[in-house]
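Heads up, the next two complexes both have chain A, just with different partners, chain B and then chain C.
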Partner chain A sequence: MDNMKDMILKYVIEEYMEEGGDPISYDTPLISGGIVDSFSMVSLKRFLENKLKISIPDDQATPEAFDSVNKISDLVKRFVK
Partner chain B sequence: MSNIGSYEVRLKDFNWSISEKELGYKPGNTLNIGWYCSDRICLQGKGDKLALLWESSTGAEKKFTYHDIRRASNSIAAFLHGLGIKPEDRVCLFMDKVPELYIGLLGILKTGAIGQHLFSAFVDESLFVRLDNAQTSAIITQKKHAPKVRKILDRLPRLKHIIIVDYDGKTPLREREVPFSLEKAVPIDHFDVYPTQAESPSLLHYTSGTTGQPKGVKHVHYSLVSQYLTSKWVLDLQEDDIYWCTADPGWVTGTSYGIVGPWSMGITQAVLDAGFSAEAWYKFIEKYRITMWYSAPTAIRSLMKAGNEVVKKYDLSSLRHLASVGEPLNPEAVIWSERIFGKAFLDTYWQTETGSIMISNYPGMKIKPGSMGKAFPGITATVLDPKTYEPYNVTGKIGLIALKPGWPSMMRTYWNNEEAYKNKFKNGWYLTGDRASIDKEGYFWFVGRDDDVINTAGHLVSPFEVESALLEHPAIAESAVVSKPDPINMEVVKAFVTLKPGFAASTDLELEIMNFIRKKLSPLAMPQEIEYVESLPKTRSGKIMRRILHAKEWGEEIGDTSALEND
Partner chain C sequence: MAYNDKMRALYQEQLEGLKAAGIFKQERYIHSPQAADIEVEFPEGSSLRKVINMCANNYLGLSSHPDVIKAAHEGLDRRGYGMSSVRFICGTQDIHHELEKKVTEFLGTEGTLLFPSCMDANAGVFEAVLTKDDVMISDRLVHASLIDGIRLCSAMHDTFKHSDMAHLESKLQLHSDKRLKMVITDGVFSMDGDTAKLDEMVALSNKYEAMLLVDDSHASGFIGKTGRGTHEKCGVMGKIDIITTTFGKALGGASGGCVSGRKELVEMCRQKARPYLFSNTIAPVVVAGVLKVLDILNASTEGRDKLERNAAYWRKGLTDAGFVLKEGDTPIVPVMLFNAKLSQDVSRALYDEGVYAVGFFFPVVPQGQARIRTQISAAHETRHLDKALDAFTKVGTKFNILGKTKQEIIEMYGN
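This part shows the complex of A and B:
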């Protein structure tokens, strides 16, 4: 179990998915899979920044970097002290 | 050789009858877009030609020939007919970019009903106001979007049917829900297409204005005449093309040029039902050998941001012609695309209300990067003095982009809002709400909106709608919404808010407010930034002066502040 990944996964499910949606995993494509769109990605980035007290540079907050819980986890770990 | 040949030659003696003749349409005949986009192509002997190549985000593929979409749209039409859908009833399509979203429109039109595409990211209020205004009778959707409809169902007594295209039987159907499976439906070879006329309503597309609720732009079947010829001359669609329009049919580009234009020409088009990713897009172009690509500046800038290295991984040599729409295409993007793809994206300009391309760059015409190009043959476009509403008689002055009404795809009215429709005309000109200048060679140069409407990634957002929704948040006392410059989306939504007593400004509250708007309206209406202020600039009569906040965001002169309260 990975607390960071679970925290991100829980937030994505609660905030961006409708009830009764197909289950998602750490590897489920979020952006390219249409679960989180490019506009909503900004709120997901803001959540991570608030929760982890970090700042993610805009040029690193790309659709590719946010495309799965695993990728997001890899990204934010670089900024967590 | 391009379809248009010489732009200058096409301008001479232009008449829309050129399009009518090619379509085999004679004034007074019946005209049904659903028939023209499927049955007519089959009657031309192209029934076995591919009409749609579809791929999902997981790589699932589907292929449909023109015979397939003819029969499938007949099945949908027959199903709707069986539900009691009547001519001019509004039938909404509320889905991701699945095949039913495209073929479904043809089925709706074949019954004589009016198609109403709504962007699948819409939620609660944004969905409700559009269905309520249109008095929609039926909505075709997927099980993943059905919960959004259920939430507002009690407030929509006229919505009789919720048609779910991917019902799997795992959970019971709810009130008013019925399943329909395109794959399981018996293909119907013949359906008596309703004999709509040129002026029969075909589509309702909702668009946002500065004030009031979104307005339903009413189009008619005769719009086909414009959409066919602009697809041919601007998009340059040719017999062997594999065409990709990246727009969602929830927006007008996705219907005019993602359904009607290409299919009325018998073209093969490809659809990728997935969110944006540079790798996925390039892979899609390579896999399906896309030849004509119609996209948007935001996507192009996102591709630029993804870098040039990723492009080298894919064979994009099939690309023959590129065009862009939705917002002004910056010169850097034009130059970049020419360097990377060997072809420049040609900017095209039009609106939900115009129904088809009005001003454009054309194959073979000299391109001035950053320019909108020139008016389409048959379109009289000018720039008006904003004080007199008369065309400027000198070049280079910034004024209002205006069009002389009368082209086939011009909107016929705003649904249930004739007054707003009439307000779009002055001195015999249709006012687009955009500003531009014209240079000595007749090229138009976009400057910006003439009102407060926010153009984010090519989608119009009403500041009024967002401000009203913000006031429903328990912490917010007052709100003002303006656009903010953005390197990818051109503009994004920014909100200024004052808080009620007992609430403190914080980043957590900012996120809460962002999510509140995202869930109440839509992700694109969500403020990307919220600034807490002590008070908002107002006139002495209490009206919020968005102009001052806008100028601050864009680094512009604030201008006259004599009306400002406490100034």
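This part shows the complex of A and C:
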């Protein structure tokens, strides 16, 4: 699953990080840490759904479930066939 | 009494925290009409001080223009003080309808609906025209009022990096399955003073069949050769689906705002926008004043021409003095200080030198990007700008930031 984590991490860096910002890891808090606002989470969810051909129910796409690369990976794994 | 000592202590602690961080906001009491020269009481109880105002949205100097004041007096006499009603019950006078027609002509749109403020226009417009089947794609630096309106709408929301057209296009592709797509931007960005690439945004919106909404509050009246706004500057008059704007800045500065654009969208707002339905009508005295403002702007571009010259003069003066500025060509000229407390200290030092300019810091601007936002007016004469430049130079020298780079300022003061 490291490939998936790397894919998510790469997307988060390209999508949300400012140039010259501190590096982030699989465990860096994304939403509670202010890197990703809860609005922008939408694009991450849609990116994963399109990329992996899955559908994540809105009630499970919570800020808590999207708060780190590790947590996102855990969530996504449940829907990948 | 539910408000007990525990609750009081909780809020007192939060307020003390803001003070300790040097980010506690304090009002300054102005004892004169809005103008280039104002008389200010600050701190509370101190004697009045005459200072140059460098932070008003009074771009065209019309807030205290004698013709506008006269028209407002006449409006007060002819149509009264208040209407004691929302628009659709018994709050629409002939002059409200007249103003909607005049704004439509001025902006080059199909129709207009007045709101009590542009904050209200932005709060109501999205939910009135979009549903959960749609998507809103906004620039990441849009004004807080747009963000609030977006939050109130059931449509999906996504963002694109500030003025990054490639990123916007990728988002339009990502959301191609949505029923309706709406791209949302400021015309002129209020904190940075830069201008949206509306020509490119119109092209992308056409390509991906998206609607385009522009908040032109910091542009209406003076951006573009005849002051119609950012859409005039970018050569896309008639191609913006919704323009929201305010009468509280260049257009007289009193209050009020509007949604202007495609007639069906405007009519949807009239039927469904909650701030239109449930908030009071604009006072007749204000409507009369804005009508006169539009007459003045239709008759001459003298004000916006002077403003353009003043802004160029001011920007060059600050650049020559060695300040770090945000790039742009509008009357909003942000002097970058990066550190929140430094922005407050510089603001206070400028005040002591006779210049009123407020420091902005997080959350009004992104963390580590504190600044003094200066705003130029057609009410400024060269003597005002020269005196203010002298004060900025003196204060910049005191804090040792002239000729310093962003990195050097951050090393000295943090961010």
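Basically, the second predicted complex is superposed on the first by the 80 of 81 C-alpha atoms of A that agree within 3 Å, B and C clash if a C-alpha of one lies under 4 Å from a C-alpha of the other, contacts with A are read in each partner's own complex, and residues count from 1 in each chain.
Here is the rule we use: contacts are C-beta pairs under 8 Å (C-beta built on N, C-alpha and C of every residue); 3 or more make two chains touch, one makes a residue touch a chain.
Note that the structure is predicted; figures quoted are calculated from it, not measured.
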Check: If you count the residues of chain A that each partner touches, which comes out higher, chain B or chain C?
Finding: B
Notebook entry, point to check: Looking at the overlay, does A:P63 come into contact with chain B only (first), chain C only (second), both, or neither?
Noted result: first
Margin query: Between chain B and chain C, whom does A:F39 touch in the aligned arrangement: first, second, both, or neither?
Written below: both
Notebook entry, point to check: Of the two partner chains, chain B (first) and chain C (second), which one does A:I31 touch, if any: first, second, both, or neither?
Noted result: first
Next item on the list: Tell me which partner A:F47 touches in the superposition: chain B (first), chain C (second), both or neither.
Entry: both
Margin query: Residues of chain A that sit at the chain B interface in one complex and at the chain C interface in the other, please.
Written below: 34, 37, 39-40, 42-43, 46-47, 50
Next item on the list: Quick one: which bits of chain A touch chain B in the complex? Just the residue numbers, please.
Entry: 15, 18-22, 29, 31-34, 36-40, 42-43, 46-47, 49-50, 59, 62-64, 67
Checklist line | chain C contact footprint on chain A (complex, rising order) | finding: 34, 37, 39-40, 42-43, 46-47, 50
Check: Okay, in this complex, where on chain B does chain A touch?
Finding: 57-58, 96, 121, 143-145, 147-148, 171, 273-280, 302, 305-306, 456-457, 507-508, 510-511, 514-515, 518, 523-524, 526, 528
Check: Quick one: in the complex, what on chain C touches chain A?
Finding: 150, 156-159, 171, 174-175, 367
